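All chains are identified by letter, namely A, B, C and D, in their written order; residue positions are counted from 1 within each chain.
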């Protein structure tokens, strides 16, 4: 049986090695991240903190900022408390806890360069720490500006992939088909698709990677939806295989979409992967409704890309 | 009649589908936007708010900022009002409305980190809200910095397209011609043009898309003006068609210009489209005056690109 | 005489037209700018103000900032003056000019969100204007941040071009040669050169543009210097022409260098042009001294690229 | 002996010249910088200060900021001191040194736009200088924002290269091999390698540069590790040479890796070089452990790429 022989000249070097893991693995997660963890890098480098802050959800970032702000103010309030009552004007120190809280708010007014001035530093020590704290505040704020700008201006391709990948009738043979559409309000242009299949080869006991031929590799606008079709002809590495075969071989279909976000003229990438479990045989995507409204604007409903019908 | 057979090997996959809408549609608007609306995306994601703020006119952005600033100050003034008179120093609360207005201005002084200090928070509640408001102010300002920078540094190709597209005598046959020029003060280099025609095919009842061959596809500098010419020879998809035919077929001529803004070394895109109504037959663009002034600088008047003469 | 016939297949479309100006013109200035002025654009658009502020010398930018700051403060001082003495606390209005100056400084303290607080707004009108001024201050500062960042992060290729372009003996024939080197401390990699000659054709009475063949079009690092050589063989458009011929034809040799600044991975462009007056015949560039110092570091002196010796 | 004849058609023009330095030199340092110093450029231009601030370690940048902040405050404190006691309110001038220190802290409160207000300018001179200082503070802070953003958003490819380059058995012949892996948490995609050998040619007495053929020039993901192999066949410029020969010829193996950081869709470059001293003969890299953990995530330990075993 030579089903998995490489009939495809496009033997891609994906960089995932050829190891057979003897259990089900996934190279690309459904959120597009690569499913690999690198150990031995030591602690996080500052550049990685930036990447981390750029990538965490907005809600987490807000927590990081608020917790960090509170922590820094607690730290400086402690330093001011150690400097003591004589270092400050306008603060009532008769109650220790009340005094500490006042110093906490004084610290916040210094860090943000608010400086109402009803509380103010008198001694050299208090003045020096306050001068340093305001510098730190400005620098932290500069960093925050960079992080917020970095988050928002980051090139993104947010695509919607159909939940399933179908094996449908296609020009006399069958085709492997999935659909994508653009989830963003701006346009993606000059889109290209690269589809690779990965599976355990039962003969060589190694993991193989083959690039799949596509009916259309490139479209000018991802304005509506795009059904990406791999014709399962005799040159296909999955020719003659049933869904059961694909499951047994722990098959993964990895997709890389490349396009240009034309608001920022940035090349953007989107990745996705389907496992054999996501394949539906004898099914066909339902044609997407696309209508011109009264003003001549073409309307589509993007979530309809998941819908398919069974064929007998 | 096989006029619309694809004689052109460059059958582009534009991504607009082949549906015949049975009414006049336009795929590319004259401002270059794609005339498609995507439904089913749920509420706007934050990343889309950024794109929206980047793309709205400056006047609208100013309104958004001023209204947002007023709204946030009203909100905090309300919170301070609920905290009450004892929470603040320097505010006259004898008159409720006067007191609320003072708190509104206190909020503005806190949000911008201005902090004159003649009004200041005393109670823990007032201090805590003020500490949070100043942090919010800094973060909002960080966002505004990012948005303003994003707006101004966004790669743009502002081209002027001739109002009409002409069918002119051209080397024994006729040619479809339009002119473009650069509206910006900086240079566009390595410019390329891609022209596609879209029409309803009366035979197949489907919408067809064909790329048009161009006399010159690429110029090094868009320094003066560029007349882009499609020779209407027998390979042309519009060969032998009258303006009336083009109108009946709901023809759209879509243009994509790609170039490099050499101030920022950014690739920029410009789109435009002509409908059949914009076509003028038996006309010829008037040669653009380009003169060298006393200092040897070459002078052109860009708005002259619209001018054409009728030919018999 | 068919000297100017296009023997070169690389007939570039530069976008400068074919008009013969009947006087000496220059298409590319020595600072790399394109020597064209576009009229009819109406007033400057805001995006052009950004480009202008990005491109002016630092000294001019500082003047713009200081003058703008003074002007805005004068404007607000006038508004505060019109609001009058009762609107403010801490200001001595007994002397009109002294009062105005105090309001000017109050404005500066508000615009920069400094807010010492010894002067402060009391009336609603004064408070409202101050709240608006501090918002304006923050937004202007956001703009300034964007402009400064835009200036510094702008991709640049600062190359030094040899003052003259030589016609030197080269492998049995002669070659047109100039030298370039990198003026910046960072590296330029993957550099490519494109050299075009422009001249009035005495036969056709039109301006012609021809791309010149180069011995080497591409180098991996512009680490030392690069002598760019066009062999003047029989395929050269300047074959058989004397310097006097080149002068008569108002010849311009236009150079475009493209490379990658590897600090920012940005593609950068540099342009330059030589006129016939810059050509020196029978001369040869002096070999650049490049020595390895004690630590093995290779040392070159970049200004030596101008030096050439006459050959008999 | 014609060992160093160029059998390789890929004769790259690296831009390092062909000079034989008669001592051991290195063109690419191990940190990837080019080992060339350019003299004659005059003083540092402002754009180079930006590049310098972008490239220095974070610890140095903090020192620059703190020292600069202290210096500017000392400068303004001196100016305020010269203006004298009458120019300010809230400052105790009875002790000269105490007064100067107060002015130093007043300067810090002005530069950061903190402005508590317990110290404040009264005279016109003091007010004018303070108004200017707060503007300078905002502009410096704008610069700092740009520098911090520039540092963090700079495209980087931090690769780990194996300490040694091995000559290992390879498909019947031998191969020159080194390994790389990604040190960052984000992915590098579409990676390409370019390997060039540089050596003194004993025949021509010149330095030669040859590109080495690679078994695989390109991988899609640098997710695990990548062993880059140059087969030492008869076309190789180092065919038949012993390690001793390579040492005598002062051989340097220069590596350029190009990839795309997919968080920012930026093309990034990494350079490295091995000298003949780094070559180990008859050795083989130990296979990297790559295991799927319980969740199916693939785990590798990046520092293991240095490990090799001797082969007999």
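Couple of notes before you dig in:
One rule holds for everything that comes next: a residue touches a chain if its C-beta (ideal position, glycine included) is under 8 Å from a C-beta of that chain, and two chains touch if they have at least 3 such contacts.
The model shown is predicted, which means the values in this text are computed figures rather than measured ones.
Looking for a copy of the A-B interface in B-D, A-C or B-C, one arrives at B-C, which has over half of the same contact pairs by residue number.
Seen from the C-alpha centroid of chain C, the farthest chain centroid is that of A. Where chain A touches chain D, under half of the residue numbers in use are shared by the two copies, so each contributes mostly different positions.
Least-squares overlay of CA atoms from chain C onto chain D yields a rotation of 90° to the nearest 5. With each centre defined as the average position of its C-alpha atoms, the distance from chain A to chain D rounds to 27 Å.
Distance between chain centres (mean CA atoms), chain B to chain D: 38 Å. Looking at chain C, one finds that residues 113-117, 145, 149 touch two or more other chains. Those residues of chain A that touch chain C in the complex are listed here as 113, 115-117, 145.
Interface residues of chain C facing chain B in the complex, by the touch rule stated above, are 12-17, 19, 21, 23-27, 33-41, 44-48, 50-52, 54-55, 89, 110, 113-117, 120-121, 124, 127-128, 130-131, 134-135, 137-139, 142-143, 145-147, 149-150, 154-155, 196, 256, 266-269.
The residues of chain C lying in touch with chain D in their complex are 58, 65-66, 69, 73, 101-102, 105, 108-109, 112-118, 141, 144-145, 148-149, 152-153, 156, 158, 181-187, 189, 191, 216, 218-224, 226, 260, 262-265, 290-293, 296-304.
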